[in-house]
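The first chain written gets the first letter, and so on, giving A, B, C, D and E; residue counts start at 1 in each chain.
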Amino acid sequence: MTDHPIFKHGWIVVLAVGICAPALLSSYDLNLLGRFLAMAILAIGIVLIWGEAGILTLGQGVFFGMGGYCIAMYLKLSSLEAGALPDFMEWSGVSALPWWWVPFANPVLALLAIIVVPAVFSGVFAWLVFRRRIVGVYFALITQAVALTFATLLTSQQNTTGGYNGLTGFQTIFGLELGTTDGNRTLYWVTLAILALVFAATRWLIGSRYGTVLRATRDGENRVRFLGYNTTPYKVVAFALSAVFAAIGGALFTLHAGVVSPAFVGVVPSIEMIVWVAVGGRHSLWGAISGVLIVNFAKDMISSALPEAWLYVLGLVFILVVMFLPNGLAGLVDDLWQKYRTRDGSNDMAGSTGALEESK
Amino acid sequence: MLDATLLAGQVFNGFSVASLFVLAALGLALSFGLMRVINMAHGEMLMLGGYLAYLTYLVVPGPLAILVAMPVAFLGAALLGAVLELTVIRKLAARPLDTLLATWGVSLILQQAARSIFGPIGVGVTAPDWLNTGFLLAGVYIPSTRLFILAVAVVVLAVLGLVIARTRLGLLVRAVNQDRMMAAASGINVRRVDLAVFCLGTGIAGLAGVVLSLLGPVTPSVGQSYIVPAFLVVVMGGLGSMVGTTVAAIILGLVSAISQIFLDVSMSQVLMLLSVIVFLQFRPQGVVATRSRALEE
Amino acid sequence: MTTSTRYVLAAGMAFGLGQAALAQDETVNVGVLQSLSGTMAISEVTVKNAEIMAIDEINAAGGVMGHQIKAVIEDGASDPAIFAQKATKLIQNDDVVTVFGGWTSASRKAMLPVFERADNLLWYPVQFEGNECSANIMYSGAQPNQQILPAYTWAKDQGKESYFLVGSDYVFPRTANMIVKKHIDEDGLSLAGEEYVPLGGTDFSAVIAKIRAAQPDIIFNTLNGDSNVSFFKQLASAGISIEDTPVMSFSIGEQEAQAMGVSLVEGSYAAWNYFETLPGEANEAFIAQYRDAYGANAAVTDPMLHGYLNVYAWKAAVEAAGAFDVDEVRAAAVDLDVDTPMGTVSFAPNQSLRQTAYVGELNESGKFDILWQSEGMIEPQPYDPLTFPNKSCDLSAG
Amino acid sequence: MTADAHPAPYLLKVDGITVDFDGFKAIDNFSMTLDRGQLRVLIGPNGAGKSTLCDTIIGRVQSAAGRVSFNDEDITNLPEYEIVRRGICRKFQTPGVLPSLSVRDNLAVAAQKDRRWWRGFGRGVRKAEAVRVDEILEQVGLAARATTLAADLAHGEKQWLEIGMVVATEAELLLLDEPTAGMGPNETSKTAKLIHSLLGKHAVLVIDHDMSFVEELGAKVTVMHQGKFLKQGSVAQVRADPEVAAVYLGRAKE
Amino acid sequence: METLLKMEAVTAAYGQSQVLWDIDLDIHKGGAVALIGRNGVGKTTLLRTIMGVQKAASGVIRFNGADVTAQKPHERARGGIGFVPQGRHVFAHLSVEENLTTGLSALAGRGRGLIGQGVPDHIFDLFPKLAQIRHRKAGVLSGGEQQQLAIGRALAGQPKLLLLDEPTEGIQPNVVQQIEEALRRVRTELGVTIVIVEQYLDFAWSFADEYCVLMRGRMIRRGTTAQDSAADVAHLVNV
């Protein structure tokens, strides 16, 4: 973990700037930043599963989407009069609300579902796969197929999911008017607060005994098994947690964007999520957040000005980062800091980050 | 609605779909078996094959253009494969997951390059007339294109099988596959064998691109529509085995085609994924296992 | 770089953007928001071209009420969330008075709340499934009763009795087919089958097997984009000829036909509100000018033309209202005659365009021979009365 | 002597184990027993099947025939973590430390009594376990290196760390596969002392080739050859045995 | 006498743990050197380092006058080093003949034309058993047959130097005799220089003309088998 003073104490400054951001940014840019912070929550989950547990997943979009749909279903129902059906159901000839929509009329259940639905789904899936000790490339490929399948399923079940259009047209949540400047600002603060919370919780988790065993599993799953641990539930839980983080991020993103659709779920968005973390640094929470902000602000600017160039840039940056900066920008910062400190003559007891690569 | 003709037709279609899966997955499986890396840009080798077929048609039109296009696409895709292997994959050989990610970056760039060169709209390759027919077999209409694709897959499998079993290259491939260290110590240039197999694999993908152009348009993203099922075939097939790949492709092809009698295409995709996950519950090592894929990897 | 400096950087950059985009004295900003990247870029770039062409023409002719128009072009990247994001940006940061854009229903649905909240106006150029009417959108693309139902009526008049519906698995085909099914049922004709393939799907083997088994009189094809090529190729190779089993397509225009290879789709039908082959000087001039700018072979299609006429309709409405204000513009736009390459058209009170429906047959040169046209302009109906009897669009109340 | 009649007389009982690798019998009908708190050394030429025997006991390799019982419970072919939880832990031939964890964390992971995942959501290490970790750090001489990453240890230190990890599990039976490989004479001698200090509380099965080390351990020696039991006795007895000398130095006579 | 292999201050390590320290070794053409020592002292690593499948951490290895330290294993094989590793490492799913054919790869560069001519007869001459079972898969062979195959495979590349790691380990005594006999012929008839890791001192003494004792990664003793008796070093190897 990144351990130099800027990151050790800088969080106070960062958080302060974050809290003040609404005063510094236009409403539009604040909304943009809010979306990116929501994505950063997902990115933290990727650090947990990919960086800490060493499990590459190419299906985080699935859980991002699940969170988004959970909150969107509530918003959709709450904007209707009692007993009315969402518009797309009416056109599709659905005459009664499907049973699995019913709980989402209740805000508490809907919020709960953001956590429970992805946790159960990811847990069952991961358990089925990990218990057969399927790891590495195989796991990555299966998660990619899950992403494709889930996106296809959402699109094809138009009468109950809104299909390709997804769900949109939200009005208010808990009295908060969405899309207004005030609404944006409040939503931004909520997102920031949840991000800070998830950040702190993950920090804590990584430092806990559970986190230690998880990293131990990445280093040598066999060794850990031969110390008497059943590693499967450890990995399942890490995967489920990362899924829950993705879902929380997705729910907040949906509130910021005002829409959820299968476009967030598929293969390409899922890999892009990995790109954010790869660029920022897979072993660093700060790195992951930075990666989300850098890649997405760059995307916003480059893709408007030169839509053709964006994919070239994204592809090239990804190749270069993976080949030459496997620990991302955070790794680079760490290396430079280590170098600076060694030149400074102060101690070098902290150990090298190179060890993380060696463990592969 | 289940009548025998429809079922028989779908069984044929299942094999036809399987033949596409085989062609798309073989190259992946071969280099995965040898080098433990998955090339996410493999789909773009299909795409390249399709565009090369298109270009060949422009240069040498005529009914036999497709027969010219096949070697052209094979060589073109193999060449691009060589460049990819030498620049990216070789450098990441020890990090399979990172190879997967880096090659995804390559895939993005290749797709965008195709868009820049050929335009975002797909180009059409018209099947020659001798392929635009078909015949009835026991009430089932057998289109020649599908039969042709099936034949190409069978020929590719047979030739590849012969290459692996009978040629010196095949011998070296098998040796490296079994014991890299010993192969190197016996004087085999293992890196060159890796390269050869990778090129062979991408070349086959190039061929797949040509036959795909008989069924649909060649677009910058054509590879993407086949690559995920191809990955599933590799996962299900077991480590780099030709037999495993073929069997897995046939299973998934049949699951896809037969389920479509009752389900729509989207639900049949769901069923395909589920069947892979269920399959792995019983045989986590895949259809054919030479080594365990658990833990030790 | 630390996270804190990045925040400041981002803030600074965003602030700079906002400043630069403020309108100058004589210029009025309008937004052009289409997918310039991603899967929809193929189609939407041509619409963007047509919209820009109209804006350039208007500027060259002196602008709107003496103001030059500046088009702020944004990329929706084929992603609904980005459409919503960019629409917000156009309205908030670029102070556009109106926006031309969108193609997929998903993008329109995502932008709708943005326009309603900001009370801005979107001009939407593509035929769609209806079931929507918003005071903040001008729908110039055909409603189901202006494209798919007239085509059905025509087929029925031709004596077609059994219909096979094939579509991409998304909103427009599903809704359009639902409406068609209602009418088939109402008229006592038969539905031979209904199949959907995921967007971009390429394998039609099962669908075609079912078509073979069902032997319909006509296929109604609402497939999107590249799937059409796969469908027609596999149809041909399965020995199902267009002469025996005609195909009526709702998303194949001149551009698509050329890209697919004309021989593949020659002889198939299409229903649109505009064909390149429509007679009239205005149309010829439009085509000539477009080809001047974008190449001699550039295809001219229905959505492009609607994008183009949207700009002129907006100009006419502004001039009629004497103001750029959204409320006044949309009020003025209703029932206002606009001369366009497809003739003189006007928006109905439900803010959809009154237009003529055509059925064309694709000839060997990749153009459509017009077989049939509706009797005069068809009043747009966002909700098909047969399918959705309890629904109606009444914008006056809102 | 049957297990049914008496309370478990042996801690470990290996009974007629056979391991077959594609037709090659790595272990061929091998049996042995080990008492509680006892030290046993297993020697034999390369390929004698010593490591494979450990693999079989710990559940890494499946046996084709035979039975392993521990504390009178059949543990043949249980999942490895279940076997470990019953009280057997093994040090592998190549050091199996966890490189990106500190020395202390390596030991803490091993020392954790309750290995179920939901018990891991605490920050500190339980007091008793922490005390145990500190003891072991002293015992294996790594107290000064407690915060070093395991990856940065020298080879001998890694060996000790792994011995420490195995000890930390408080398993009743410790299997130590070549614990002194790569160590100098002083380190070897320290290792022997360390092992002695474990006896009584733990039974220890050591595989090693270094006869000075084996001598220092001074325990009963079991000799394996070609997967079979060859001899058993004190170091001196084994040394004097012509058959043992033959398998090491010359030909086993027909 | 002409030096074929020369190692100067070679060290080797697995990760951060050093297993060979400052090994100096001269082997003259036509010689036979036995490496002896207990298990785990670095004999196998030393052979692997000569072959190049284990990288030397420092030091220089010269073979046939050229510096091969930076060469890859296949380049060294092609230069004329043959390797019979511990555990034999035959390609289990390849037939006997195919196994032998892979060995021909080492001829690339020295006699490419010979590759196409198939397995040379002298290998079947040395190991007549292999000719009888040439179409069987190597995986089903007995240990002794596999060992003969591994040696035959190395010889197919016509090495100047043959590295043998415990060629008689775990093999029935009667087969051991055949292998020893064949190895003597390899030395005398083919003139191949040999480095052999051997536990059995009697064979080491009867076969090699020099011996080296390794202990804990260092070479602690060297001598000729003519001058020293096996009994002198037995305590360094024995139980």
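Here, contacts are C-beta pairs under 8 Å (C-beta built on N, C-alpha and C of every residue); 3 or more make two chains touch, one makes a residue touch a chain.
All figures in this text were calculated on a predicted structure; none of them were measured in a lab.
Chemist: Which other chains touch chain A while also touching chain C?
Modeler: Expected: B.
Chemist: Please find the path from chain A to chain B through touching chains that uses the fewest steps, and give that number.
Modeler: 1
Chemist: Give me the set of chains touching chain C intersected with the set touching chain E.
Modeler: Intersection of chain C and chain E contact lists gives B.
Chemist: Which chains touch each other through the most C-beta pairs?
Modeler: Greatest count of contact pairs is found between chains A-C.
Chemist: Taking CA centroids for every chain, report which one is farthest away from chain D.
Modeler: Centroid comparison gives C as the farthest chain from chain D.
Chemist: Compare the CA centroid of chain A with every other chain's and tell me the farthest one.
Modeler: Ranked by distance of C-alpha centres from chain A, the top chain is E.
Chemist: Could you put a whole-Å number on the gap between the CA centroids of chain B and chain E?
Modeler: Those two chain centres are 42 Å apart.
Chemist: How big is the gap, in whole Å, between where the Cα atoms of chain B centre and where those of chain D centre?
Modeler: Once rounded, the distance between the two centres reads 48 Å.
Chemist: Approximately how many whole Å separate the CA-defined centres of chain D and chain E?
Modeler: Between these chains, centre-to-centre, one finds 32 Å.
Chemist: Got the chain A residues that touch at least 2 other chains?
Modeler: 152, 155-156, 222, 225, 308, 311, 358
Chemist: Tell me, which residues of chain C touch at least two other chains?
Modeler: Residues 41, 169, 196, 198 of chain C touch two or more partner chains.
Chemist: Can you list every residue of chain D that touches 2 or more other chains, as numbers and ranges?
Modeler: Only 151-152 qualify.
Chemist: Among all the chains shown, which pairs meet the touch rule set out at the top?
Modeler: In this structure, the chains touch in these pairs: A-B, A-C, A-D, B-C, B-E, D-E.
Chemist: Could you list, by residue number, the parts of chain D that touch chain E in their complex?
Modeler: My answer: residues 22-24, 43, 45-47, 94-95, 151-156, 158, 178, 181-184, 209-211, 214, 226, 238-239, 244-245, 248-252, 254.
Chemist: Give every residue of chain E touching chain D within the complex, in rising order.
Modeler: So the residues of chain E in touch with chain D come to 14, 16-19, 38-40, 86-87, 92, 139-140, 143, 166, 169-170, 173, 176, 199-203, 216-217, 234, 237-239.
Chemist: Flag every residue of chain D that touches chain A in the complex, lowest number first.
Modeler: Interface residues on chain D, with respect to chain A: 58, 60, 79-81, 84-85, 89-90, 92, 96-102, 105-106, 108-110, 112, 115-117, 119-123, 125, 147-149, 151-152, 165, 169.
Chemist: Using the touch rule from the top, collect the residues of chain C that touch chain A in their complex.
Modeler: 1-4, 6-8, 10-11, 13-15, 17-18, 36-37, 41, 74-75, 77-81, 84-86, 88-89, 92-93, 104-106, 109-110, 112-114, 117, 129, 131-132, 169-171, 174-175, 178, 196, 198-199, 387-388, 391
Chemist: Along chain B, where are the residues that touch chain E in the complex?
Modeler: The touching residues are 168, 171-172, 174-175, 178-179, 181-190, 290.
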